[in-house]
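Input: structures, listed below.
Common to both upcoming complexes is subunit A, partnered first by subunit B, then by subunit C.
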Partner chain A sequence: MLRFLVHRIFGLLVTMFFVSIMVFIIMELPPGDYADRYAFRKFSGTGVNVTQGDIDNIRHGFGLDRPAHIRYAQWMTGILTRFDFGESFAYETSVNHVIGQRLWMTLAILYTTLILTYVLSIPIAIYAAVNRHSSVDYSLTVVSYLGLALPNFLLALVMLYVSVTVFDTSVGGLFSPEYEKAPWSLVKLGDMLQHLIIPAVVLAWSATALQLQTVRATMLDELNKLSVTAARARGIPEWKVLMKYPARLAVNPVVSTIGFDVNRIFSELPIVALVLGLPELGELLIQSYLDLDMYVAGAILMMLTFFIVIMNFVSDVALAALDPRIKLSGV
Partner chain B sequence: MKPMPDKVPTPSDLLIDVQDLKVSFQTDEGLITPVDGVTFQVRKGKTLGIVGESGSGKSVSTRAMVKLLPKNAIVNPDSKILFYGNGNGTCVDINRLKANSPEIRRIRGGEIAMIFQEPMASFSPVYTIGNQIVEAIRQHRASGMSPLASTATVGSQIMESVQAQKKMKRNDARDLAVEMLDRVGIANPGMRVDQYPHELSGGMRQRAMIAVALSTHPKMLIADEPTTALDVTIQAQIIELIRDLQKELNMSVIFITHDMGLIARVADVVAVMYLGVIVERGRTDDLINDPKHPYTRGLLDAIPRLDRLDRRLTPVAGDIPSPLERPPGCPFHPRCPERRANLCDREMPGRTQMENNRFVRCFLYA
Partner chain C sequence: MTAEQTIDGIFEPESEDRSKIDKKLKYYTASQWQLVWWRFRKHRVAMIGALVLITMAIMGIFANFIAPCKITTRDRSYIMGAPQMPKFWDHKGFSFRPFIHGIKTKRDPVTLRKLAVVDPETRRYIRFFVTGDKYKMWGLIPSSIHLYGLEKGILHLFGTDELGRDLFTRTLFATGTSLSIGVLGVLTAFVLALIIGGIAGYAGGMMDYLIQRITEIVRVVPVIPLYMGLAAAFPKEWSNTQVYFAMTMIFGLIGWPTLARRIRGHLLGQRGEDFVLAAELSGASAGRIITRHLLPSFTSYIIVDLIISFPYMILSETALSFIGLGLRPPSVSWGILLQDAQNIRAIEQAPWFFIPAIFVVVAVLAFTILGDGLRDAADPYSVTQG
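Showing the complex of A and B:
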């Protein structure tokens, strides 16, 4: 297991290294840079005649005149040594400051969504598989087809409407205004969860629908295995047989797709956040990329991929812990 | 467990008495009845061999004996599965026990153990061999029991432990598991106990399966084609092992197989099954030397004289009908070379009793 862990951690570091290079290349791709943009913003319509020299000065001021590989090295050094993602040109403050709050928001939504998805789909799907052809089983099929068919921005709008009109909760942001600056307390935590639940439900909707189907199918498969009959033949109580043998294996496909789920949540989040007015990273990523505010865009890209890679790692390790066949062959 | 008064006097060495067992399945195509009135007995310490082609209902009838059938199965409530496991002449009707009740679970695995055709699939791949043996031991055995004590004392110890609800300690159970693995001939059992099924060879896995089944000292072992998936040398070893352990534990065995050649070597009594009925039953010698039923004769003719062990049976011309299209009359009549027109295709032949507690279901002997 230790060898396996060392192996995977090494793989993770290598992946992150290549990701960082790719992110930097992507940042360099759009034509022009923030110096052009800045000069245009500042002086257009003022009648001032901007010369190439002025722009070069601005560029020098931002440090954008140095060659790309030097800038990459400086940027990475800052991140690795001081956890400093550089300066935001547009906000004229540090990237860390611009991203801070939104990072927590994004992570909070991500994990609430994941937990909600798994807490709902795994037990319900297992129950439905064990009680095949029961009413729960049939409702599961209907609900999960609905879940797969309904686009989630539509769902977001419906939830928004319902929560504002029926429950009278403020949506948008992590907290109600009265808790925004309050110190941490249980009430504040509750308030935060209340705000998280809508985006989490919207984002968990299709994932839950999908996982319900997967877990149910795997569970049905596992229930028919001879090893389950053999366990029953040993006189083991039924619930113990179910939990120890088929249920344990039925969660494998869920565990192995955690990374995939994270990926999907990150891609769907901007639209949902836009509808719900949530300050999260995806929206800022698009905006700063269009703005050529490169270190902000780069930091967000790095963070999002970092979490996808990390969750893939978690999924690999969990899978290896769940299934001993992987430990031996997978390294 | 409520012991039933023993109404019909039975020989004291009877362990299980299955009477008129009928099992149906609710399927999408309708109701099928793959076991249709099966009656047999197994004596203490003896081996009953059940032979028959695929689909004749061997597995279904033996699984019904411990209520191990899937949910869509319906066992006729009038069928009786009388188990004389108490050793005092009283019996329980297993068919009356509730599915998954503690009573049936005590019998299942504790008194009647099973091994299956596919040793790899019989083990869960995600737990060690030891884990699955320990599970069985702790389910059925109390602390302070020796690995291979005589059945009588173990039996009473099990009873006591069940009453006292004292589970064996995990470490003790593990030591027992190692001893069991050693007993079934697995070298280096201390290491094997912590290995996963995929780390063992096929023969070793079947030995391990036997270790799991016998770790609870059952009074009966149901071996459902235990050697079909193994090659001939291993097959012989496994059969030898089952026989040794059977003597040592004074255990009864039901040995299921396709292979008439194999049954001759292991069974005291043979029952030949065809489409859910026993068409002939008798002492192994009698049946092998003088088969009566045309189907039994067909099975015996199909054994190659020289290498008779490793061939699957392709005995009688024609295919086994699907359980949905059960032929009327004698179920064997579409394939029977000696069928009698206007009789065999209309009526079901009854049992014709013969000497040595033998019977045959065929109009040729009616």
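Showing the complex of A and C:
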């Protein structure tokens, strides 16, 4: 088990290293650099005539005239030693300051969505597999098709519309106005959870649709196994048979795809957050891309990918713990 | 044929056997594609999916002809107007030729804003194959014939937007753009996947390991944020055509890992087969073995994979253009049209702004169903005699 863990952690670090290079390339892609944009922002409209020399000075001041690999090394050293992601151009402050609380909001949305997905998909799919050709089973197929076909920003708009017109609640943002600046308390937490429901439902929509299919298919395979028949023959109560043999195995593919689900949720998050006006990283990511605020964008992309990699790791370890076949084979 | 019929006529009981044998013979000698087609034809839902997609493609290809005007034509008398339904009768009676009621412009007594009001006294008849705005079909053939038109003004089947532009026209052109981006994106991804997956699967060993690691790294980054990052890098001064092709390149660049994995898997599975060894012994080059011996053995699977990757391309394009990082106006695509429907106000005031969304949902559903049907049809183990 220890060897397994060491191997996986090493793999995680290697992946993160390559991801960081990729993110750095994306940060460098847009034409012009921080110095151009800084000069433009600072002096445009002030009547000051900016020369190429001024821009070069700014560039030197920020250390942007050094070759790319040195800048990459500096950027990475900042992140690794001081947890410093550089400067945000649009907000004229450090990236850490801009990201601030949004990171926790993002994680709150992520985990609410994940929990909702699994709480909904696993029991319903098991029920549908056991009661094949029932109405639950058929509606499950329809829902699964729609899960892919309905773009989630559209779903977000529909939910927004319904909640405003029917329930007369505002769903924009994560807090009601009166709690926006209030210190943390149980009431504020409750208020946040209330606001989390709609984004979580929207984001869980397609993940749930896919997991329903996976769990149902695995259940159907496992239900026909001899172990189930043998257990029934021994007179074990039906629900116990289900829990002990097929259901336990049907959870495995779900556990092994946690990383994929996180990936999907983060992939959909920015647009959903934009429509619902959530103060989290995805929305900031779009804004910083539009402003070409590449240090913020790079930091967010790194963080999102980091969580995916971590969740992949968690899923690998959990799967090894759950599935004796993997535990025994070591790596 | 006639000789056989006379024989069949004489030996009545045998004729049934004979037709059965013929049928069997036809089945066993059919080519792989015929078998796939026979199985696919039975899949009703998948056939509907295919028909829907063909209709959409035709709408996109012949958009110039079907549309009553240009995408930029503004109808100032009918701004943010609701969809107009052609009618066959009204209080004056029945008419064989469909018509709509005319529009009168009034001023709101309180706000003094211009309002378009339906005037039930006037009728505007719909005519077919009318002469209208000039256009060039596919940029080549000049013409001015449109499928339908009114005697006066423009018929807005899907209503108009905030500038009074016909939403039906815009949806037609958007369908063409969005579908073609999907096609080009899938093709780019396919070529890349074929090269990379082909090398990994055929060479194996170190090369395979390296390519697998790279694929994993590309796959671990969330897709849409990655697309957005690349799209953000497009210079602002690029023309719409440049952005269009850059978008297809991006979808191709990021779409290849999944496909490459599948191709690699197929290749690894087939590499040890005897016919590959035979080809190798005959002195065939690696490239020839991959393209002539290995690929044809799973072409049907690859086609299914391509069809299935379409929805992701279309949804990505829609998402990117929706937030303003993809195509830019005056280009039209489904995502750009949906930009107008981004807020609650739009949904309440002009629900017809959502019509392009129906197109997105229907297209994605159709591709998914078609892909499922093709997968079943291409699977040689699901043997059903045609």
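Going forward, the second predicted complex is superposed on the first by the 315 of 331 C-alpha atoms of A that agree within 3 Å, B and C clash if a C-alpha of one lies under 4 Å from a C-alpha of the other, contacts with A are read in each partner's own complex, and residues count from 1 in each chain.
Definition applied: a residue touches a chain if its C-beta (ideal position, glycine included) is under 8 Å from a C-beta of that chain, and two chains touch if they have at least 3 such contacts.
A quick note: this is a predicted structure, and the numbers were derived from the prediction, not measured.
K.L.:
Looking at the overlay on subunit A, is there a clash between subunit B and subunit C, or do the two fit?
P.N.:
Aligned through their shared chain, the two binders fit side by side on subunit A.
K.L.:
Which chain makes contact with more of the residues of subunit A, subunit B or else subunit C?
P.N.:
C
K.L.:
Regarding the shared-chain residue A:S185, is it in contact with subunit B (first), subunit C (second), both, or neither?
P.N.:
A:S185 contacts neither subunit B nor subunit C.
K.L.:
In the superposed arrangement, does A:Q74 touch subunit B (first), subunit C (second), both or neither?
P.N.:
The answer is neither, since A:Q74 touches no partner chain.
K.L.:
Going by the contact rule set out at the top, does A:L249 touch subunit B (first), subunit C (second), both, or neither?
P.N.:
After superposing on A, A:L249 lies in contact with subunit B but is clear of subunit C.
K.L.:
For A:E238, select first, second, both or neither according to whether it touches subunit B, subunit C, the two together, or no partner.
P.N.:
first
K.L.:
Quick one: classify A:V309 as touching subunit B (first), subunit C (second), both or neither.
P.N.:
Once the two structures are laid over each other on A, A:V309 reaches subunit C alone.
K.L.:
Which of the two partners, first being subunit B and second being subunit C, lies in contact with A:A230: first, second, both, or neither?
P.N.:
The answer is first: A:A230 touches subunit B but not subunit C.
K.L.:
Is A:L322 touching anything from subunit B or subunit C once the two structures are fitted on A? First, second, both or neither.
P.N.:
Only subunit B; A:L322 stays clear of subunit C.
K.L.:
Go through the superposed model and pick first if A:L150 touches only subunit B, second if only subunit C, both, or neither.
P.N.:
A:L150: touches subunit C, not subunit B.
K.L.:
Once both structures are aligned on chain A, how many angstrom separate the closest C-alpha atoms of subunit B and subunit C?
P.N.:
Minimum C-alpha separation, subunit B to subunit C, in the superposed model is 16 Å.
K.L.:
Sort out for me which residues of subunit A touch subunit B in the complex.
P.N.:
225-238, 244-245, 248-249, 322-325
K.L.:
With touch defined as at the start, can you tell me which subunit A residues reach subunit C in the complex?
P.N.:
Against subunit C, subunit A makes touches at 14-15, 18-19, 22-23, 26, 29-31, 145-146, 148-151, 153-154, 157, 160-161, 164, 259, 263, 266-268, 270-271, 274-275, 282, 285-286, 289-290, 292, 297, 300-301, 304-305, 308-309, 312.
K.L.:
Residues of subunit B touching subunit A in their complex?
P.N.:
66, 68, 100, 105-110, 113-114, 116, 118, 121-127, 132, 135-136, 139-140, 196, 198, 209, 212, 216
K.L.:
Quick one: which bits of subunit C touch subunit A in the complex? Just the residue numbers, please.
P.N.:
Within the complex, subunit C touches subunit A at residues 213-214, 216-226, 228-233, 235, 311, 315, 318-319, 322-325, 338, 341-342, 344, 347-348, 354, 357, 360-361, 364-365, 368-369.
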